[in-house]
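Below is the structure I would like to discuss, written out as structure tokens.
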Amino acid sequence: MKTPHLLKSLSFGKLLPRFSGSTGSSPGTISYVGKKREERVKINLIDYNAEELIEKNLTDSHQALAYKDRESVTWLNITGVHNTKIIEEVGNKFGLHPLILEDITNTTQRPKIDDYDDYLFIVLKMSYFDKENKNIIVEQVSLIINEEYVISFQERAADILEPLRERIRNNKGKIRKQGTDYLAYAIIDSIVDHYFTILEQLGEEIEDIEEALIINATPQILNHIYKLKRELIFLRKSIWPMREVVSNMQRGDYPMIKKATIIFLRDAYDHTIQVVETIETFRDMVSGMLDLYLSNVSNRMNEVMKVLTIFASIFIPLTFIAGVYGMNFEHMPELKWPWGYGFIWLVMISVAVSLLMYFKKKKWL
Amino acid sequence: MKTPHLLKSLSFGKLLPRFSGSTGSSPGTISYVGKKREERVKINLIDYNAEELIEKNLTDSHQALAYKDRESVTWLNITGVHNTKIIEEVGNKFGLHPLILEDITNTTQRPKIDDYDDYLFIVLKMSYFDKENKNIIVEQVSLIINEEYVISFQERAADILEPLRERIRNNKGKIRKQGTDYLAYAIIDSIVDHYFTILEQLGEEIEDIEEALIINATPQILNHIYKLKRELIFLRKSIWPMREVVSNMQRGDYPMIKKATIIFLRDAYDHTIQVVETIETFRDMVSGMLDLYLSNVSNRMNEVMKVLTIFASIFIPLTFIAGVYGMNFEHMPELKWPWGYGFIWLVMISVAVSLLMYFKKKKWL
Amino acid sequence: MKTPHLLKSLSFGKLLPRFSGSTGSSPGTISYVGKKREERVKINLIDYNAEELIEKNLTDSHQALAYKDRESVTWLNITGVHNTKIIEEVGNKFGLHPLILEDITNTTQRPKIDDYDDYLFIVLKMSYFDKENKNIIVEQVSLIINEEYVISFQERAADILEPLRERIRNNKGKIRKQGTDYLAYAIIDSIVDHYFTILEQLGEEIEDIEEALIINATPQILNHIYKLKRELIFLRKSIWPMREVVSNMQRGDYPMIKKATIIFLRDAYDHTIQVVETIETFRDMVSGMLDLYLSNVSNRMNEVMKVLTIFASIFIPLTFIAGVYGMNFEHMPELKWPWGYGFIWLVMISVAVSLLMYFKKKKWL
Amino acid sequence: MKTPHLLKSLSFGKLLPRFSGSTGSSPGTISYVGKKREERVKINLIDYNAEELIEKNLTDSHQALAYKDRESVTWLNITGVHNTKIIEEVGNKFGLHPLILEDITNTTQRPKIDDYDDYLFIVLKMSYFDKENKNIIVEQVSLIINEEYVISFQERAADILEPLRERIRNNKGKIRKQGTDYLAYAIIDSIVDHYFTILEQLGEEIEDIEEALIINATPQILNHIYKLKRELIFLRKSIWPMREVVSNMQRGDYPMIKKATIIFLRDAYDHTIQVVETIETFRDMVSGMLDLYLSNVSNRMNEVMKVLTIFASIFIPLTFIAGVYGMNFEHMPELKWPWGYGFIWLVMISVAVSLLMYFKKKKWL
Amino acid sequence: MKTPHLLKSLSFGKLLPRFSGSTGSSPGTISYVGKKREERVKINLIDYNAEELIEKNLTDSHQALAYKDRESVTWLNITGVHNTKIIEEVGNKFGLHPLILEDITNTTQRPKIDDYDDYLFIVLKMSYFDKENKNIIVEQVSLIINEEYVISFQERAADILEPLRERIRNNKGKIRKQGTDYLAYAIIDSIVDHYFTILEQLGEEIEDIEEALIINATPQILNHIYKLKRELIFLRKSIWPMREVVSNMQRGDYPMIKKATIIFLRDAYDHTIQVVETIETFRDMVSGMLDLYLSNVSNRMNEVMKVLTIFASIFIPLTFIAGVYGMNFEHMPELKWPWGYGFIWLVMISVAVSLLMYFKKKKWL
């Protein structure tokens, strides 16, 4: 019972957010729901086409409007949704529905895709491993997609999308030649693929626990199994509705998404399914490990019981015999026999030996 | 086994109502099914449009008819369905089908939506936390929706809808500019969102139990886990069919519900799904906690067994040795040896030490 | 292990009927499958319209034909299907398909609805509580519905349909103004609603067991839980396919059923769903109770173990000490010390006290 | 642990056939997969219409061709599929697809229906109770159905279809007036109905085990429960896909099957569903019995523990007291008291009595 | 706890591959994901029609192009996908989409079928038993199918497809007369059928464990059960999506696949379902075996407990009696009785006998 910190290492508050902030208020009310944060909101703009690329950190979302109508893909990335004023401003400038703004700031949303005719609104869950606290962090990413721009909102400056930005900057792959739909795909793909990193981490933990289980089933392992189970429950809750989102996009219901991109989305969909199935597999394995743990515990109990039983069963009769000849009766003929003492040792040894043989036969030894 | 009140604190009778009141009677018979109540029935009327607002407490449902045909939204809220006469009166005045009246007074209904051409009939389950008795209360709310009015029936004067009324009074948000369909949406949204408050409460209980489990797994915790499990079963039973109700409304099958409202209903549907999924997640976690509890109990039993085995296994052989030299045989040469007593202590100490080493090797110490 | 009768009180034979009677015989062969019965078959006829009502106990099904073609609803109720000759006679007179007659007498049928163009054939399972034997009885009710008559077959004279007959006799509600489809609905509704009575009974049993579990988990409770589980399995098996039957009827596929009745069937369908869901909830609760029981048993075992361990661990070392000074060595200096005896008591008391403190620290006391 | 034969009595090899015979060979290769058999293949021919009946045991399938085109129903039944040469011959003469022949001889097929335009090919699983070895035997029956003939292949001469043949011979029921589709139905019906015999057998076993469980939960019962579970798994595997087969036939997709027969197939479908549901119910019950068994075992362990604890806790302190006054200190004043011995008995009796009262209070006695 | 190697014998790394290789890189990036390999890539070409057959081992994929447009079926088999350069070359020469090349080299793909208009891309999982390491190996096979050629990629030179090549070489069956669609079918069929070999192996293991369980439930068996469970989880994960792939092919959506081949694919589909169902059956059985194991362990514990209780309960009272008459009180009248010693033996024997009888009655002996 020494390592409660093992279990506590997963910050529960993050996975089970406080919902109640918005209860009772008018629909469309923008109020941040999540951990208190103080960081400044970062607004990053990348505007590119096959030839050119402009990248800027804006101080005001107002500056983005200039890029909106250019013949290029505009990617506005806003890091930090706790400053509701900035979100509201963006909303006004780009003409977003109040419900969308509510969903962006309320980071307890379920992944979903909503079609608002002029633009698509997508909510995703990005998950990554926080090496400092040894936690899995699940964060909300919201996307607004239009033929001209993509606006993405994230809670913190996680570096999951950085490789994608690098690819844009260095003109790697075909991304610079494609439209906003491909950019949206690339973001989704990055997020989905990052789940594999988490799964690899968990896979290694599972291997470690399996090995540890066979050597010695300590209570700490049990807490570890419980922690794993809990993490898988929450990962599953994040990825399961994303499957639906990607499936909808890849089905071709949205005219904004071109056929060339759909082939890629189909690939992203395959990856999502793979994540879902691996999580299910891991859950099956974790439940198998729990069975293994419990049986190990009862095997150990059994062993302890056997030792106790063997000791007690052999020595209790012997002690009784010794007790008999420790009695103080005046007339106990055996006590006077010259070979009495030797004979009694013989009796005791043969009792012990026959009991040992009996236990041997029962395979307790 | 000291705190049976823990479990009893959840009033079972409420969650498992007596159904039999209406068995055998003619369909459409209006009979109240639920706890006996004495409070007076309260009839509250709010009639509003973008400019005006009239709010009144009526003594007779008859007075409501005057407002029905005005160019405004009329919201008639009836608190208390145990007075079947008043319900019948309302039914007659607004031309409601007898089956509806039966469903309103029989508060064991399952959430559902029925289309009666002239009006929609919706049954919902509202749940809130009763701070006095530390109970979750599940209550039935019935709605009649027409293009001109909304009639709502609740069992008790829970203040869940009060923030909504405030919004209407203060003309906050867009509600005063919208029709009855939006009012109906706003009521449903308030009810669904209140489930999050309950879930937050339960989430905290789960965190508390998890912490307690790691420190010490007492039988009280078990009862608490059982109580949680039971509450989740009943919450799930309430919210699951509401998912269907909101889904049907948002699908656009009812001409009464305008397109602008459907976007909001889609949002309410997302919230309902989120409630459902969080309940499922909690159930998974609670079942995980039960496993953790049971393993803790067997770990503890194992520890107790080990202590017993160590004590018994060490002292039983020693007692035997002492017993041997307590025998009264006349010819026991050892007894006469001058160093006999010291030697026997040596033997006993070495037996004890080697047993301790054996247990150390077995990792029992 | 004292009350096996608890479990046996549920007559197993009834719930698991002998199927084999009809195996191998020609399809359409009419052979009674069920408990041997001796009672005379009762043929009851009610013929009514809004104005008139004729009720007769017939001695021969032949007499029913006279009423068949009148401008009224004819309800022929046959109690007892073990007399296959009478069933065959009815079949011939009303032109029923041989497979129907087979299904009526073979009371192991699954609830279903079959459309034979001229009439509908419905099989239902009626369940009621047999107060004498404290059993749940599940019985088959078969209905033949035509625009002119309803023929119902039941196994025994259960009084579930009696309130319905009363309503017809007293012209209560709208039944006398409606056709055979409404009568069929009224029969189905009576049967479905009676499940609520059973569920209420079981709900009370669950409450009782829950309370008993917290006070003392005896093996009898386990048998009771098992009995409950078993009853729920069989109730579920009865009601589940009835959901399908009522759903089909309410969907409007059968021209015989008028639109006005469909609204009522929709209501009956809601009730059926409610029964199904309550059974599921009960099953969840019963499985929760089993967990509670098992944990209680291991808690108790744990407590027993602790008492044993405390007693053994304290007195075994003390007995050893006493044993040492019971040895008969000639040279045992301690024995001659004037304060030896007092000193040894001191040693023993301090051993006992420190062990007690150790157990206190381990929270075993 | 005395009756391993209980479990072994179910021949595992039969239920889990060797698949590998055909791996790697060309599709359509006819190779027998199953137990080695030596019996001669029996070819039985029945050719009938309403007036005439010819029945013959053929030595060569060639003789059957003469009957094929007559205005009558020809039923060719081949018992024994291990002689692949005969199967191939039949295949050639009746123009069957090589894949069909492969499926007939590979008796590990899953029940299915394939439409080969000219004929239907149906694979079924027939199950019966082998009284000699107390086994459930599952055997493959393949049917080829055409407007003119039915060819059936079975593995062994089980007498399940004998009553059907009797009915044809004696012109019982309507079978002689119907076509091949009705004959096919009659065969399927016979096979499905025979499952009820098995289920009745298993139902009785369940009742026996339930009774035995309450009296005494021996390890043999556990093996019996395991055997039951295993049999239900395999029965379910046989009947589940047959549900699909019969459902397809009764849906009217095959022009070969006339409307009059479809009514009968609907009935057979109902029976199949009933078998499936009864198996599910049995599985639920068996899993309930396992819980009951496990709890009984831990109850018993609890009882054993209590006896041990009571004995040990009472006598260990008494033995200690006796040990104290067995010490040989020179100065032990109590030993010289005239009433010392009587007094010490009093002390010991009161210790014993108060411990007994303590255990009584704890409800251990 | 002696055989951890039992569990470790299944190479975990293979079943749970490292996914992260490709995370963050551009979609369509070809990077090998899997175990490091050094073997040379083998390129095998078979070009055949009904008359001719050419078989060659190529050194460069370039040489294959010459055969592509001939009036024959060209089968290019590439063993080893770790050399990404060769894969890229093939991709360029045959005009394959970059996503395909990524999927071929990333061997963690889920089985799937993608239609790229010009060709079909199929990913399969081939599984076979590695006799050396007693492992189940799951390997990825990718197929490109066109009207003119089939390109297959495998990870290692497993000999599963060798019998198929033999059939082509020897012109056995109809394969030489068919097109590429039949070749693709033949490959899929070979792979699916090989699962039966694995299942047979596992079936034998299950039989062995069942037998071992009844004789003696050692902890090694538990590890074996766990290993089995784990293998079934991974087999299921491989075959489950293959069901979908074959189902899609057999549904006739792809014009490339001719009607004659569809009949064969339907057969392959039946086999796939059979594999899936057998795996499910095995999983059910394995979970039953786990129950059996756990109950055996607790039965054994029970038996140990009984022996302990019987020994302790009989000898502890006897030792107490002996202890009483070992006390050194001066006035103990019994000690002076001439028959005192004999009498006390009588008392002790009768205590022992009555306790034995009590245990007999309790059925502990």
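Lettered A, B, C, D and E in written order, each chain numbered from 1.
Everything below uses one rule, namely that a contact is a pair of C-beta atoms (placed from the backbone, for glycine too) under 8 Å apart; a residue touches a chain by one contact, two chains touch by 3 or more.
Not measured: the values here are computed from a predicted model.
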The chains touching both subunit A and subunit E are none
Report the inter-centroid distance (CA atoms only) between subunit D and subunit E in whole Å. 26
Intercentroid distance (Cα basis), subunit E paired with subunit C, Å: 42
Shared interface positions of subunit C, touching two or more other chains: 294, 298, 301, 305, 308, 312, 316, 319, 323, 326-328, 332
Tell me the shape of the graph of touching chains, choosing from line, ring, star, complete and other. ring
Could you pull out which subunit A residues touch subunit E in their complex? 163-164, 167, 172-175, 186, 189-190, 193-194, 196-197, 199-200, 203, 206-207, 210-211, 214-215, 263-264, 266-267, 270, 273-274, 277, 281, 284-285, 288, 291-292, 294-296, 298-299, 301-302, 305-306, 308-309, 312-313, 316-317, 319-320, 323-324, 326-332, 363-364
Which residues of subunit B touch subunit C once you look at their complex with the stated criterion? 1, 4, 7-8, 12, 16, 18-20, 22-29, 97, 99, 103, 108-110, 112, 114, 216, 219, 222-223, 226, 229-230, 233-234, 237, 290, 293-294, 297-298, 300-301, 304-305, 307-308, 311-312, 315-316, 318-319, 322-323, 325-328, 332, 334-336, 338-341, 344
